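Here's a structure for you.
Every chain is named by a letter (A, B and C) in the order it is written, and numbering of its residues begins at 1.
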Amino acid sequence: MLTQRAGEPRTPYPNVYLAAFQASLQAKFEYRVDLVIGVVTSMLMQGSALSFLLIVLRNTPGLAGWSGPQIVFLFGMTAAALGGSEILFNQIWLLPQYVVAGDLDRLLTYPVRSLLFFLVTRPELHAIGNLITGSLYVAWSLHTLHVPVFVWLMLPVWWLCGTLLYTSALVIVGCLSFRFVGPYSQQLLIPLNLLQATRYPLAVYPSWLKNVLLCVVPYGTFHYLPARFFFGKSASFWGLGLAPVAAVALALLAQGAWNLGLRRYESAGS
Amino acid sequence: MTITLRTEALNKTYRRKIRKPGFVGALKGLFSGEEEAVQAVSDVTFSLARGERVGLIGENGAGKSTTLKMLTGILVPTSGKLEVLGFDPSRQRRQLASRIGVVFGQRPQLLWDIPVQETLSLLRTMYRIPASVYDVTYPQAVERLDLGPLLAVPVRKLSLGQRMRCDLAASLLHAPDIAFLDEPTIGLDVSVKEQVREFIRDMQQRFESTLLLTTHDLKDITETCDRILLLDRGKLLFDGSLREFERRFATKRRIVVELERPASDEVREQLAKDIAELGAELVECRAHRAVVVYEGDGAAPALTQRLLSRLPVSDIVLEKSDIDSMVANIYRRSTISTEKSVA
Amino acid sequence: MTPTRPSALRAEFATFFALFSRGLRSNFAYRPALLLAMLSAALSYAVPMLVWRHIYASGGGSKAVPAQALFPYLLLAGCLNFGFAMNVESRIGQRIRMGLIATDLLRPVDFQMAQLSQALSDGIANLAFVLPVFGVACAFWGKSAFPHDAAAFFAFCASVLLAFVILFAVSFIFVQATFITYSSYGVFVARNALQQTFSGMSAPLALFPAGLRAASEWLPFRHTIHTPVSIYLGWINGSAVWAALGAQLIWALGLLLVGRYMLRVSLLKFEIQGG
């Protein structure tokens, strides 16, 4: 009877999640060739997306008033947010398989926040390629367009918000597996495709899609809205600060979806 | 006697989709969605006191694992009351988790692709195990479960038995108040089973923990438990001490006879009538084997005599009522093994 | 590994067909998966289409490809791309990773052909689900979405089949990187990236900038989408159709043979990791 007693205030274990992330990261480093190949291929993927932009720009001077470099900024932030989420929180993609196999049991016996712990324990190092490519695009774009300094300073905030927004959307959709049990993760492609859509200025899209990407899954808040302001397309600086609000709100929704999902969790065997 | 765990009218119902076989069935499955309810646990009520060592037994599908998972907060009960160490397991999962230890025998999963040693240190961080505890549990686990050579090995490279031992060590590292062990010895070699049982007994004694163990190996029960809970198709059929179990279910004993050649029908009939006087029943008389079931100790010599005189006996075994046969009797199936029981 | 007696050959084909139909059946098993896959695919193909729509609406675009031809092209390209999710890399990659590939090649059934049967079943099942979408679009778009003529339609079907084979063969080659890497996912991403860039999925080759166009001409990827859709829409017609089909056939056979050869070499060179 030598562990902590009930009645003591429940304290979070921040260092547990870091420690777990670090341990999982270490495990990944074993496959070094794999890592290099993975980084290169994810950069290839980003390059491929950019090739479409090149095709587009050959056939039109700009999109809805956005020039090539300005669109590249959007490309870069999207790639960076994608990379961030995949490096830190990638295990969400495996949730459907875990639910089907009943493999969440062990996780639920640990005195940790199950969602956070689940997310951080399988980093996808290939995504470093996305992060690198994204950063390069953003840096090139902002440098070419001579943006004010505060933009550079706010970049980490927006990046973090983007990562959180995307991860939260994945979690919310992923929690459908608790209700529709099956070893498939196709549903997770929807938040991904929605994110990819934000590579292009939202003004290009019909209003129903624009509203989805600004209000339902507010991806637009972490790069499109701020860029509209500092690229001089909009005078409203609301755009700069909406991202953290949206990110926190979506994250809370995600946690709620997870909690609801766990109550339906049926494990396996009897 | 402090009550550490209490359940009242605990129920768990699963909803299963009915899948039809074949190509057409699969197509139909695309459009319909029939479900059926499977009652895994039905109206189960019991309580455990601190320091009790309880064995939960039952056939596959009886609801043992489901019950265990409700007690540990993994599953949410469909209805009923449940309280463990003062917590509601599914609603206060994290608080409860830091004070219980859980082992899953059939799927030991130490989470990561990392060496055992690192997993154990990570768990130390996770449970915030004070040095006073860790300095006892860690060396004990390493020594008594032979973990030394395994510490540097990544978990995925371990065999089942090795993983089980590591999982067991990991689960008891923080000296939990209650240890829930779901088939901890399944698939292990006999010698490793012994090791594991000793370790469990030892840790339980040392920390005065409560122990709830599910198993198919009834030797686990006789060696580590004082009390038995018997589940059958989700219902609690028996709740009492080992003694009471023997007293209640050990009424029938068996004599198993190997025959040199098959006995004719007349001989069989005659024998059946003969032993019926002694209160015995010929439950089986096939080609080379006959089984007699009887009540009461005194009948054994007379029965043996009758059997030997009537049948062409090549070998005879008088089975002492052991817990396996008791359980088999409860389910009315004949144990096919011809293992000689240990007196 | 190739059978010499006719009855053995028949048995082998019977096995392929069994694999094929079993694959079809398992594709029907998970209803939500299918619907969700279609939904997410629709989303990903909608994006380029919306971008092009905006471009053409605001006066951009190319005379070489008018809007009413572009959209049927893009939708059909999207449908084909949906069909291309044949899981080749994950299936074969897993067998290489787990060391099962060595025993696979000892079986009486030809490994590459067996995998092709399974892949084709996946691909055709996918197509079966998604082509109705195109059918509906035909109702809206009218003549511009119909096949150029009956001959073009049959040539299109043949071309699609060859496209599947080519893509399978390319994946078969790429997946052998799993002998030196661990995860086949990275390989899949690389192959997919090349496929998406050079196949003409996001735009007909006529709209490509010069450099990209030149590269596409040399690579097999355009034969997976651009060629079949061009045949369908009549952009390639007359005797050029035979030339296109011929090119596809040569690529298909060539890549299959290269893949077989590489596999044999890989097995000799690389240590098979046991499970």
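We adopt the following convention: a residue touches a chain if its C-beta (ideal position, glycine included) is under 8 Å from a C-beta of that chain, and two chains touch if they have at least 3 such contacts.
Treat the numbers as computed from the prediction; the structure is a model and nothing was measured.
Set against the C-alpha centre of chain A, every other chain centre is closer than that of B.
The most central chain, judged by C-alpha centres against the centre of all protein C-alpha atoms, is A. If each chain is reduced to the centroid of its CA atoms, chain B and chain C end up 52 Å from each other. As a whole-number value, the distance joining the C-alpha centres of chain A and chain C reads 29 Å. Averaged Cα coordinates give chain A a centre that lies 45 Å from the centre of chain B.
Those residues of chain A whose C-beta lies close enough to touch chain C in the complex are 31, 33-34, 37-38, 40-42, 44-45, 47-48, 51-52, 54-56, 58-61, 63-64, 126, 180, 182-184, 186-187, 189-190, 192-194, 196-197, 200, 204-206, 209.
Contact residues of chain A toward chain B in the complex are 1-4, 6, 10, 13, 15-16, 19-20, 23-24, 26-28, 30, 102-114, 121, 263-267, 269-270. Interface of chain B with chain A (complex): residues 14, 40, 60-66, 69, 72-76, 85-87, 90, 93-95, 97-100, 102, 104, 106-107, 109-114, 118-119, 122, 125-130, 132-133, 154, 171, 174-177, 207-208.
Those residues of chain C that touch chain A in the shared complex are 30, 32-33, 36-37, 39-41, 43-44, 47-48, 50-52, 54-55, 58, 60-62, 177, 180-183, 185-187, 189-190, 192-194, 196-197, 202-203, 207-209, 212.
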